[in-house]
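Since the structure comes first, as structure tokens, the remarks are kept for the end.
Chain nomenclature is as follows: A, B, C, D, E and F, assigned in order of appearance, with residue numbering initiated at 1 for each chain independently.
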Amino acid sequence: MKYTIMVNEGPYQHQSSDTALQFARAALEKGHEIFRVFFYHDGVNNGTRLAVPPKDDRMLQKEWSELAEKHGLDLVICIAAAQRRGLMDASEAKRQGLNADNIAAGFRISGLGQLIEGGIESDRTIVFGD
Amino acid sequence: MKYTIMVNEGPYQHQSSDTALQFARAALEKGHEIFRVFFYHDGVNNGTRLAVPPKDDRMLQKEWSELAEKHGLDLVICIAAAQRRGLMDASEAKRQGLNADNIAAGFRISGLGQLIEGGIESDRTIVFGD
Amino acid sequence: MAMLHIVNKSPFERNTLKSCLGHALAGDSVLLIEDAVIGAVSGSSVVAELQQAINGNSISIYALGPDLTARGVKLERVLEGIQVVDYAGFVDLTVANEKTQSWL
Amino acid sequence: MAMLHIVNKSPFERNTLKSCLGHALAGDSVLLIEDAVIGAVSGSSVVAELQQAINGNSISIYALGPDLTARGVKLERVLEGIQVVDYAGFVDLTVANEKTQSWL
Amino acid sequence: MAKKFMYLNRKAPYGTVYALESLEVVLIAAAFEQEVSLAFLDDGVYQIAKGQNPKAVGMKNFSPTYNALGDYGITKLYVERESLAERGLSEEDLMPIVYEDEDDDYAEKPSVQVISRAEMAQIMAEQDVTFSF
Amino acid sequence: MAKKFMYLNRKAPYGTVYALESLEVVLIAAAFEQEVSLAFLDDGVYQIAKGQNPKAVGMKNFSPTYNALGDYGITKLYVERESLAERGLSEEDLMPIVYEDEDDDYAEKPSVQVISRAEMAQIMAEQDVTFSF
């Protein structure tokens, strides 16, 4: 099976990012393919590299980055949602005249068309949110 | 009257930041004092300077900065909540070995004691959240 | 020692209004803000609960006008007995009541 | 063409489980995850609704085990007729049903 | 083969961003050759309520955009009757959203269809992909 | 003069961060010379449920920290009976949180008090500041 996963909430505040991550791991372990993980709404905040959670807690942003590296996942952050909330990659920050960016390794910023494409190309589309 | 205002949610996703801002403006117009605005949970995300919302929409992060400058407001971001979520000032970023910070003008990062102090020192403490 | 209770979620979606009304005391005030204001529309399924609070339990109910207007609710559609206030009126309610409690 | 409905919020706090059960069809499955799992505890006030769905409307109800365990709910406390699955079982449910719908 | 995409809207506008950002997806979705429908149930019925004016809460009124959906070829807006009734609303409280039917000499037709819960359940069952917000 | 601070907990743990971050405030609050109490009602009663184990969801079990509250001088944890009953729970499902009463030869006493909704309403009315999460 080919999956697209949509994550609508940021890390920690709601469990949706955790559940999506556990679901993705379980699907990969069963040999399924993850076509794309699309981060929308506050979900874009999963893609920051500036988080430093307590040592005894999980670091969700990093877990996504590591899962992406291990399995070649496509982690896409919605550009419109990211701009509202202050999630920037280097080229977009430069274009906007901002002096810093905060995107984590393994994430890329792109448009909402990537979500629709995920829905078209995948056998299953699963939404995790509040 | 002396107020402390607590904001538990980030900008846009929930209306709580908008409502807190409108309440703060109305209180100031009536001649009341705002002792402190404390940003907790996802509320810390109100303090980013990297947001670029659409031109025809409000920019909440900047509205807080401007209100703070105009009225000398004390906008405090909880350090523990900020570290989980990737909101950093220059000194904390340096201490954590991060190569960027994203805090907006007028906000400062401090501890939860600032919230308790707000509750003690103020006549009224109002919480805005999800 | 009256309290201002603040409810911000739709009573059709969440249990906060019900929980709030279960704990508010006679003389307290309840202010509906944000999505909670849609509970103030006359003819809705929560009207009986609100009327019981107002008439039975001596609780004053307010709704934030800007939030009603945002959602297209004309003020004449607001249940009789509910008072509509603006942000300045919200501030006044926090002065008139010695403390506030938000039902999140 | 069966559907997997996913509910993630407590039925005591929100209306999502009720709304979901009002739209699920015979042969569909409903998976309770995250805070929704506390609705699966026997003796709770939503038991009748769940039993009606299972026995009256031929809907299969599942609950995510890791979320039950997180919240201290022992598996023997889960209402009879609700099947407990882990994350692998969650994936299997998305394979067995041709589509999913999340009730957020 | 085109897939059936449903956009499921259950939340009131302005209290959260979901209504606005759902609409942003719908506008993009129109560019893909798929069958698109929007479902408004529970508090979501308020997303297409008449007379929205969020100026005093400091927000943008995005509700006129629903009127433009017909131009994007999006003509199926399903509203649940039971959800309206529970909230003291009726069809007259909704915006009169229409589209021009190019297969019928561009006659103006209503995009909004008020249907029963049972009909909504059937329409949901026909979808391939449902995006929830 | 000391103020009465109440920490109002109405949400289940793990599904959202509020329970954990509420507890973090309470631990800091203990350092100030104020009267602190915690209220658990609605789904909040699950925050002090026995036997929590979130390992399989990938989270940290922070519930043992409630047992340490007595050492911080926080000894008033009010739980609403009606909220327990609605969820099929009873007092036996809660952690046996205790404190040592220094005014009574360090006798071990229960911190958790299961009370009625009407009693909870009275306690709420006595507070000066209520933090909600």
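Just so we're on the same page, contacts are C-beta pairs under 8 Å (C-beta built on N, C-alpha and C of every residue); 3 or more make two chains touch, one makes a residue touch a chain.
Quick caveat, the model's predicted, so the values are computed rather than measured.
Shared contact partners of subunit B and subunit F, listed by label: A, C. Ranked by separation of Cα centres from subunit A, the top chain is C. Taking C-E and C-F together, the chain pair joined by more C-beta contacts is C-E.
Shared residue numbers account for over half of those found at the interface formed by subunit A and subunit B, and the copies are therefore classed as meeting with the same residues.
Taking each chain's centre as the mean of its C-alpha atoms, subunit B lies 34 Å from subunit E. Between the CA-based centres of subunit D and subunit E the separation comes to 27 Å, rounded to the whole angstrom.
Note: centroid distance subunit A to subunit B, computed from Cα atoms, is 25 Å.
Between the Cα centres of subunit E and subunit F there is a gap of 43 Å.
Touching two or more other chains at once are residues 8, 12-13, 15, 19, 22, 41, 57, 80, 84, 125, 127, 129 of subunit B.
Counting partners per residue, subunit D has 8-9, 12-13, 15, 34-35, 66, 86, 99-100, 102, 104 as the residues that reach two or more other chains. The set of subunit F residues that touch two or more partner chains comprises 10, 14-17, 42, 57, 59, 128-130, 132-133. Working note: touching chain pairs come out as A-B, A-D, A-E, A-F, B-C, B-E, B-F, C-D, C-E, C-F, D-E, D-F.
Against subunit F, in their complex, subunit D makes its touches with residues 8-10, 12-13, 34-35, 38, 41-45, 47, 65-67, 69-74, 77, 86.
Here subunit C touches subunit B in the complex through residues 6, 8-9, 33-35, 66, 86-88, 90-92, 94-95, 99-100, 102, 104, going by the rule given at the top.
Residues of subunit E touching subunit C in their complex: 10-16, 42-43, 46, 49-57, 59, 63, 86-89, 93. Considering their complex, residues 12-15, 18-19, 21-22, 56-58 of subunit A touch subunit F. On the side of subunit B, the complex with subunit F involves touching residues 6, 8, 40-41, 80-81, 84, 111-113, 115-117, 119-120, 125, 127, 129.
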